Each structure stands twice: as C-alpha cells, then as structure tokens.
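Both of the next two complexes hold subunit A, though its partner changes from subunit B to subunit C.
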Partner chain A sequence: MFAQLKFDLKKNLFSSTNAVVYVAFVLLLLTTFFLALDQTDSTARQVDGAYQAALQSVTGTIKTLEKDHAKTAKQTAQLNQKYTQRDYLQEIMTLNASVSSPVPMNTPTQLDGALLKYARYNLKKTRQGQTNGLVLINHPDRPTDSTVLGQQKEVTFYRYLALHHLRELPLTQTDVPSDAYLPFQFLRHVSPLLILGVFALQLGQLFTTEKRTGTIRFMNNLPVNKLGLLTARMGTFLVLTLPLFGFALLTVYLIVGLKFGWGNWQYPLVYSPDGRHVAIMTMAKFMGLLILILLAAVLFMMMLSALVSLLSGNFGVNLAVSAAVLLLGTNQVAGSSMGRGVVRWLPSGYFDFSGVITHQTAWPILSIAGGIVVLLAWAAALYGLCALIVSRRQQL
Partner chain B sequence: MLAVSGLTFAFKRKPILADVSFTLADGQITGLVAPNGTGKTTLLRLLCGLLPISQAHVLVNGIDQQQKHTQFLKQLFFLESSSNLYPDLTVQDHLRYVKRVWQSPVDIGETVASLGMQSYAKTRIKRLSLGMKQHALLAMYIVSNAQTMLIDEPLNGLDPSSIQQFEAMFRQLREEGKTLLVSSHQMDSVGRVCDQVFFLKNQKLDVLPNDGQDMMAEYTKRFLTEAS
Partner chain C sequence: MTGQVILELKKQPWLLHLFWLIVLVAVMGSLGVGWENHLQRHGVGFPETGYKTDWDEATTTGEAAWNMRYLEHDIKADTKAAAKLPADRQGDNTAQALMKTMLADYQKHDYRHLNQAILKAAQEDPQAVKSIEELNYLSSNNDELNALMLYMVKHLPNRLIQVDAMTSVTGNFAAIFGLQNYFSAPNGKDAELLTALLLIMGLTLFCDVYFQDRRLTTDTMMRTAPVSGMEQALIRGGVTLGLLNVILLIGAVATLLAMSLLPGHEFGTWLQPLVYTLNSHVGTMSLAQGLGQEWLIINLWWLVFAGLAFCLSLVSRNLLVGMLVLAVVAFANRLQLLGLIAPALRTYVPSAHTVFPSVILYSGSYGEVAFGTVAVTFVVWILALFICGGLIQAARQRLRFAAAR
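== the complex of A and B ==
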C-alpha cells in the first residue's frame, strides 16, 4: 500500500491543480484582508455609534422626564434608572474615546470593566423582570439579545476580557490580528461550503484524471486489488491537499500577522451549548474543533468523490454531485421544514462548521462530537459501497 | 500458455468476434494482423479483461481470467499504447513500479542498457519522442517478466534500426519461453519475427503458420483483393 501511495503521489505531485487549490484557499481566506487594506475599517465608528445611540436614547428619555415637574413615583424611579444608565454609558463612551485615541489615557481593561458593569446591571434588571426601561447596546457584530441568556453572554464575555486584559474585537472588524483573523473568517466571512468546494475541485480532478488522460488503461491491467488502488488515491488526496490547506492557513496567518499583529489565541468566543447555559471557548479551541470537523467533512467528501468516480469518469459529473451535496448544507435546504426532520443524521447538517461548534445552526443537530461521528459514519458507509462495487467488478 | 474458447464480442450492432477459439503456446510469437478498425485492439482488450468476455473462457497457464482476475493479470502484460504512460513520471519510475507490482527479478539497469535508453531513463515521459516512448513501453514489458505479453502495434514511430532492435528483443523473449501476441501493420516485420499469424477477418481468426511466405502477399490476398 505504501509503495502504491508513493507512486500515486509522484504522479500527482506536479499537477498544476495543486497550485490552483493552494491559491484558491489563500484568496478565499484573504478576501477580508484585502478589504481591510483597501478601505478604512468602519467597525470602530459603528461601535462608537452604538454606544452613542444608547446614550442618546437615555438622555432623550431623561430630558422628557425632567420636563415633567409633577412626576409620579413611577416616573421618578424611571428617571433614576435613566441617570444610572447614563452614568454607565458616559463612562463607556469616555473610556472608548480614550482607548481609541492616538495617545490612550486608559487601558482596554478599564473599558472592559465599564462594559462589564453595564452588562451586569442589565442582567440584574433582566433577571428581576424589569426589562421595560433597559437600553441595550446594539453591537454591530452580534444580534441584540434581551433574554437572560443573552445578558449572561454579555457579562461572561466582558468578564473574560477584563480578566485577561484583552480588548474587544468585533467580528465585523477586518483589520484584526492573526490569531483572531482566521477564526473570524470561519465565523463570519467565508462560507465553509466554499472551502469544501475547493476540496471537491481537487477531489474531482484526482479521481477522474486517469480516465481523462487514458492512463486508467494501465491501472486496470495491474495485478493488484483495485480497492487498494482506490484507497491509495484517497491517501494521495489526503497527503497532498491537507498540507496544501495547512500551508494556506499558515500563509494567511503570516501575511495578516505581519500587517496587523499576532494577537492572542486566548481571545474568547461566548456561546450557549444547550440554550440554557453560557460557555466560553478560546480562539485556539475553536480552531482546533473547526479543523477536526473540517477533516471529518473532507473525509466524507473524499469518499463521495471516489464513489462517483467509480460510476462516471467525467470531471463535471463528479463536481456536480459534490456541489449538489454541498447545497444540501445551505440554510435554504437544511433549514427547510422538510430538511429539519432528517438533517441531524445527514452530513450536510454539519457543513456549517462554526454554527455546529457554537450550536447556532438554523436546524437541529447533535453535539459536535455527534456531528463528527455522523460524518465519519457516512464516509465509512460510502467506502463500503466503493469496496462492494470494486469487488463485484473484479468478479465479473 | 494462453487458451481462449468461445470468444464472441460485438459493439452494439457491430460484430467484432464470433466464437473465436485458439491457443498460444509458450515460446511462441504470434502476429495479429487486420486492417484498421477490424478489432485487433478489441481482441487484446478482451484477452486481458478490459472488455467483458461473457460466456467465453480465457486462461493463462490454467488461471481463469474471470475467476482469479488478479492472479490472471500477474501472468500477463498489456499496455495499449505509449500514450497511456504517465507524462510527469520518468521512464525509470514506470519500470520500478512495474518491477514491484509484477514482483519481477529482471534488472532494470540491464534492460535500460540493452534498449539503449540510458540517456533518457530519468527523463519525464512528456519530454520524450514517440520512438523513445515506444522503447519505454517495450522496457516495461521486459521488466514485467510476465509469461504472456499482448503487444499492440509496437513498431509505430520507430526508425529501421529501432525496428531491428525490437525484433531482436521479441526473439530473445521467445527464447526465454514467453508467449507473445503482437498486433502489427508492418508485414515484413511480421514475416521476420512471428511463428504464426492470425488474420482477423469476418469476426474469425485465419491462422497461418509462418513458413517463410511473403506476408504482404498474404495480407493482400485476404484484405486488399476484396477491397479492390
């Protein structure tokens, strides 16, 4: 098997598709970087605008209430609440302006502390059921969640930032340091279906090239088990393409790092694993889990492409089948009423990697471990089907 | 020994072979001759299992093509054309691979030297001329050390001295006891090398032992007279 793999690897090592695949990965992952170079990032302005909007809302209410000289007890309580909110928001505004200035007078940790205090205040009021007068900051990178869980996420997030002396990096920000850049790509900017699409391109090329060039006639006359040949081809794909993907990640990491700095792998991602509790995941853990589930999905795609190649040697057919399976992983299909019933048992339910990791898919899924098991089980089933077809052909 | 019985084959409505049976003995070179498009390559493909033989039986040294396909292929070498070689691999890569897969004791260096291929043994196939690729292909046959060799138009693109070299190699393989079935349009070469000739006509094989007769005249008698 190793000698077959070595021969197969040598055959495909100089294929120009390898360079195309590498460039495709790099370009996909660098799109946001190029945007950041081309235009000034507006996220800081948007964040400032969000703080300002919240403050204006509060001060507007204060003015209205202050005009009324014969206030009821309820109105007085409301005014006091608004004064408290104004104090929190003014502190946030001041610290944000200071931290963002060319000569910062305060540290990001102080800003984190101010945001944490406001988040705690909002959580306390939400828990007490006093949500009426709350003014939540509409952060540009995440939906405003007025539930207790949503407020718990805010508290957990800012507490972590404050404890680790980290400055908030909104997901929409494009000029972020390397350690956050790659996770942000998968969390927000690059569809995992596109990444899998590039893998499908390489797979289609690898599994149909022998038929296109005619060298399959040599392979078919070899006195070796044909499943061994197919398995060696799978090995070639893994040995060639996974390092290509790894090199692409490394290239992007270095390019972004040299321009925007390296950042911190301990930066947090706050999510709810069960819809009740809040958990924190570092960027390092997120990337680790992402690579695991990506590997499982790539294995599944590889088996699918191998199976299709046994039925048709046409590159277009191979790519079309892979594309069709990838389309099953879109919101429109997986999240449809028909899809929701079965999608947790299908590989396509787990193509939204960041959604699966943070439990935010628009359709029901198993845990991330369950997702990996589903992907691997399908991959094993497809391999079994390949073995069956090859074995029947050898007996004919 | 290659034994074939009851071989019938058609491409949709076009019959190629009708109940063909024959035996090729060890240490024998058989020429396979027919005009283009008659079915020479199809016959070779059928013999090694690239096309379905349905009810027929094809055995090499008693090993049935359909029952023990991998073992059967071990006894045989067939590569349709030098254009089926891997363009990015060198001649040596191909030879090493064949040697390993066929578990052959044949020395690659000696084979390369005997065919005068030293200067391009480490050159990628895509940089070779047709004649050089034909040499590489013949070297693969020799290195495989397979008992039965099905060779499809090996002399295409060769200069006269290379043709002589190839003929000498075929004779050497015969002396080693190999069974060779060689399709060719070079009737003079067929006459010089083959022990017998199969003329494929009307889906049947017309077997002619080589007694030194003029093979071009035999070809003309069977195919060109009818055409004129």
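== the complex of A and C ==
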C-alpha cells in the first residue's frame, strides 16, 4: 500500500499541474492585494463620511427644532435627545480625525470607547422601544441593523475592540494587515466555489491521467487491489495538494504582511450563532474552522472525482461533474425554494464556508460540526460506492 | 490541404463542442426569453395612487399602452400645476403642447408624425423636451435624443424606438449582449455572464485542440503530414474558430426562434439605432452594426486564445498550464492584475477589453477609445503570438535536426 503511494507520488511530484494549482490559489487569494496596489483605499474616507452623515442628520434636526420657539414637551424631549446624540457623534468624529491623522493625539482605544458609548446608548433606546429618533451610523462594510440583536452586535464588537486595544478594520478595506487579510478574503472577496474549483482541476487531472495515457492497463496488472490503487491516488492528492494550498496561504500571508504589516489574530468577528445571542470569534478561530470545513469539502470532492473517474476517463467529464456539484452550492440553486428544503443534508449546503461559520447562509443549515459530519458522511458514502464498483469489476 | 482540414475536423473534441453548444443555447435562450418576457416589463406608479405600481404587459401593445398612460397622466398633472400659476406665466407651454401631440399621434398610430414632432421639439426647444419624463427615459442628453430622432426620421420614419427597443425581438436579442442604451436597463450583469461564457468556451476549446497531439503522443505522427507545422497550426485554429462560430450561430438562431415564438412581440428591425458619445461627439449606429462589432471582438478574442494556446502547446505538454495562462489573460481584469500595468498602457492589452458593450457603445472608460484602436490592438497581438509560435517551432526543429545529426 505504502509502496503504491510512494510510486504514485514519484509519478506526480514534479508535474507542472502542481505549479498551476499553486499559482491559481495565489492569484485568487491576492486579488484584493492587487486592488490595493492599484487604487488607494477609500474606506477610511467612507467611514468618516458615515460618521459625518449621522452627525449632519442630527444637527439638521436640531436646527429645525431650535427655530420653533413654541415647543411642546415632546419636541423639547426630542431636542434634548438630539443634543445627546450630537455630543456622542462629535466625540466620535474628533477622535476619528485625531486617530487617522499622521500625528495621532489619541489612541484607537479611545475611539473604540466613544463608539462603544454610542452603541450602548442606541442599544438601551432600542431595548426600551424608543427607536424613532435614533440615528444609526451606516457603516460602509455592513448593513445597518436596527434590531436589538443588531445593536447588541455593535456593542459586543466595540467592547471587544476597546478591551483588546484594537482599531476597527472595515471588511471593505483592501490594505489590511495579513492576519485580517486572509479571513477577509474568504469572508468577502473570493468565492469558496472558485477555491474548490481549483481543487477539482487537480483532482480531474490526477484521476483521469492513467486512462488517458493508456497506462491504466499496466496499473491494473500490479499486484495491488484496484481499490488500493484508487486509495493510493487519493493519498497522492492529499499529500500534494493540501500542502500546496498551505504554501499558497503562507505565500499570500507573507506578501501581504511585508507590504501592509502583520496585524493581530485576536481581531474579532461578531456573529450570532442562533439568531438571539451575539458571539465573538477571533480571526484565528475563524481561519481554523474554515480550514476544517474546507478539508471536509475537499475530501468530498475527492471521493466524487474518484467515483466519476471509474465511470469515465475523460478529463472534461470529470471536471463538468465537479463543476455541476459546485454550482448546486450557489445562491441561485441552494437558496431557491426547492433547494432550501433539502440542502442542509447535501454537501452543497456547506460550500459557502464563511457563511456556514458565521451562520449567515441564505438557506437553512445544521451547525458547523453538523456540516462537517454531512460532508464527511457523503464522502464516506461515495467511497463505499467506489469500493462496490471496483469489487464488482474484480469478480471473475 | 483539403485532407488536412478533414483530418483536423475529425480530430476535433466533438463531445466538448456538444457540451458548449448545449450550455450556450440554454444560457442565451433563457436570457433572451427572460428579457423579452419579464425583465423589460414596464410599470409606473403615481403619487395619487400611493405609488402602487401598475404593470403593463411586456408586449408591443402593452408598451405602447404604457407610453400613452404615462403621457395622459403627465398632461393632467401639468394642467393642474399650470392652473395654480399666476395668469401672466400661463399660456406658453410648449412641453404640454408636445405631449398632447404625442398622445394624439399614439392614438392614431401616426408614428411618422410623432417622430417628427419630437425631433422638431428637440431641435427648437430642448428645455421643454427635458421636462418631459417620457422622453427623458429615452435619453437624458439632448444631443443624443436629437441624433436618435434624426436617425429615426431618416431611416425608420414609421417605427417607434420607445416601443421597439423594449419589446421587439431584435431589441431584446441585442440587449442580452448588452447592446441597449435606453431606459438605463440593468443589462450589465447579463452581458457579463454571456461574455464570460463565450470566453471560457473559446479558451477550453483552443487549449484542447492545440494540446491534444502532445497529450495523446500523436505529435510525431502529425509531423509526417505533407504540410508545415505553421500551416497545421493555422488550419487547426481556423477549423476550431469556424466550429465555434457555428455554435454561436446555432445559439443565436435558436434564441431568436424561441423569442419570435413568444406571442405579442413584433420581430422589429436590425436597423434600430444605438446612440453613443465618442470624444464628446454624438453618433448613431444600427443594431446590425453593433452586433457585428461584438461578433468581431469575440472572434478576435478567440484568435488571441488560438495564438496563445499554440505558443504554450509548444513549450508544455500539460493542458492545465495552457488553461491557466489563458484564463489569467481572459480574466486579468477580475483578478485585478491589470492594476500592475501602467494605466496608459492598459488599452493596448487584450485583457482590458472584456466588457464588449462598453467598447462598442464607448461607455464607461471607453469615452475616448475608438473601436478601431481596440481592433488593431487585438490584430497586432494575434499576429505577434502566431509569429512567436512559428519561431519556437523553427527553433525546436533546428534542435531536433542537430540532435539527429
């Protein structure tokens, strides 16, 4: 068995496909980096604009209310509320300007504190049901959520930032330090289906090469079980491609790190695991979970490609089947009314890795662990099917 | 020579051709029928009815009815607003007079007079025309509206661009290629999908045919053919390009057929105008010309793929190497790789030109880039690639002879 794996590795170790796969991974993961090189990031300006817009809305209301001399009690209360909001927002604006200036007079923690105070104020009012006069900041990187849960998310987020002395990194920012770059890339910029597609390319090539070059007859004469041959090929794939993906991640990490700094793995991602409570996940945990679920998905893709290779030796057919399965994981299919009913039991429901981890897929799913179990169960079932086909073919 | 063409035809990856034919017919057909049947449906809501949108059917008659309804409402609203004005400012209302003429012409189906009336008003009183919402839809730029109506009066006097662009089969067919510039329709996305599909089709097919021989180790046998390597490469590329065009033609005909079978739509004419602004000069072209230019760019792209795949197949046996390089060239813009090239040079790289409707209608960043510049850029690249391939081939032959001696 190991001899077979060694033989298989020898055949594929210096294949140019490995270089192709590596380059493809790196290019897909570096898109945002190239964008940041080409265009100056405008996120800081947009964030400042969002603060400014909120403040202008408040001052506008104040002006109108102040003009009216015969105020009712309600109007006076409204005016007082607007004064409070103005104070909060003015503090945020001043601190933001100071923190962003070339010679900062204040620390990011102070800005986080100001934003936290405002978020707490909004949460309190939302809890009391007084949402009418609230002015929420329209952060450019996330939809404004006026529910209690949305406000809780804001409070939790800024409290964490203030506690850990971190500066907010909007998801839309392109020149982020490398610890945030990779998670952001998966969270926002690159479709996981493309990453899995690159894996599918390597799989298609590995599993069909024998049939295409006609060496399958020679392989079948080896004193190894046919399932052993297939399993050794799977081993080759895992030993070659997973480290390639790892190297690609490392390359991107280093390139971005050297240009934009290294950042902090403690940076938070705020999400709601059940639609009621708010939780914080660090970038390190996010990447860990992402790699786990990606591994499960890759195992599934591998079994699928192996099974197809038993039925057809055509590279294109193999790739088309993989692509079709990946397309089932798109929003249009999995999120459709027909898809929503069954997709939680299908591997396709779990290809949107970041969506699964932050519980934000457009269709119902099981938990992260449940997703990994579903993927692995399907992989096991496909492997069983491969074994069945091979054993039937070997019967005399 | 004929024998070589027949051989290349026999060697074509027919399964892959069939696959792309099915995908293209499915995508083009669903886009076309979708545009005609639903996406271009027009509706309007007025403040009086609480902005509740009243939808008209997406048919030729439905669109005309929508235009009339819109005019009737605006005339009424205008009369009401005018009544409130002081007496000295009443009376001279060109916009209202024009709207009334338009409505009467709609009702009489006298489109010839309608087009002339709009043209006259656009030339004489642009301000009044600007205040008519119904014409603003057509183009908010008076020069463009002028050019458009001039074209209509001259070439298609008895047709209505307002109705044709939205509901005719030809108008909707051009729209799936992104060639529609009225009514600010959200056509970018659909054209993007179709463009990407056409590019991917080309890159897989050209990679497959050029890498085939060395993959199947039939390249030594091919050297016994009585034609030179360069001729073989050109014949192979030509045959594949021809087949790709056959696939595109079948896709287009099938789509047009499906779209014509939908009830309630006139076929329209290929002479419908498209309007553009190049170097601040307004011009018009027909749908036929626009579609022809798009067909030309697609073919130029496919030839770039042919040249690249030819060169790469000489230096690598691995199909995936070819596919990766071709995909990076085709999607460099999406991968943000163009950012690494100086902005002034980007026009001269084929990778920059993947949004075909913008190139043809000079929209977006193409306001000052003539179509000819883009076409010449492509031709130069194609020639360079084939010459480069020829040189590699010659060098390899020389090495082989040296080794044999």
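FYI, the second predicted complex is superposed on the first by the 395 of 396 C-alpha atoms of A that agree within 3 Å, B and C clash if a C-alpha of one lies under 4 Å from a C-alpha of the other, contacts with A are read in each partner's own complex, and residues count from 1 in each chain.
Keep in mind that, in the parts below, a residue touches a chain if its C-beta (ideal position, glycine included) is under 8 Å from a C-beta of that chain, and two chains touch if they have at least 3 such contacts.
If you're wondering where the values come from, they're calculated on a predicted model, not measured in any experiment.
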Identify whether subunit B and subunit C fit side by side or clash on subunit A in the overlaid structures.
-> fit
Should A:N314 be classified as contacting the first partner (subunit B), the second (subunit C), both, or neither?
-> second
Scan A:Q39 for contacts with subunit B and subunit C and give back first, second, both or neither.
-> second
Once the structures are superposed on A, label A:L250 by its partner contacts, choosing first (subunit B), second (subunit C), both or neither.
-> neither
Which of subunit B and subunit C A:M105 touches, first, second, both or neither = neither
After the superposition on chain A, what angle is formed at the C-alpha centre of subunit A by the C-alpha centres of subunit B and subunit C, rounded to the nearest 10 degrees?
-> 80
Check whether A:Q394 is in contact with subunit B, with subunit C, with both or with neither, and answer first, second, both or neither.
-> first
Nearest Cα pair across subunit B and subunit C, whole Å | 9
Mind sorting out which residues of subunit A both subunit B and subunit C touch, each in its own complex?
-> 15, 213
Across the complex, what residues on subunit A touch subunit B?
-> 3, 7, 10-11, 13-15, 213-215, 217-218, 220-225, 394-396
Can you name the residues of subunit C that touch subunit A in the complex?
-> 13, 15-16, 19, 204, 208, 215-217, 316, 318-321, 323-324, 328, 334-340
The residues of subunit B that touch subunit A in their complex are 48, 50, 52, 66, 69-74, 76-81, 83-89, 93, 97, 100-102
Of subunit A, residues touching subunit C in the complex | 15-17, 19-20, 23-24, 27-28, 31-32, 34-35, 37-39, 201, 205, 212-213, 314-317, 320
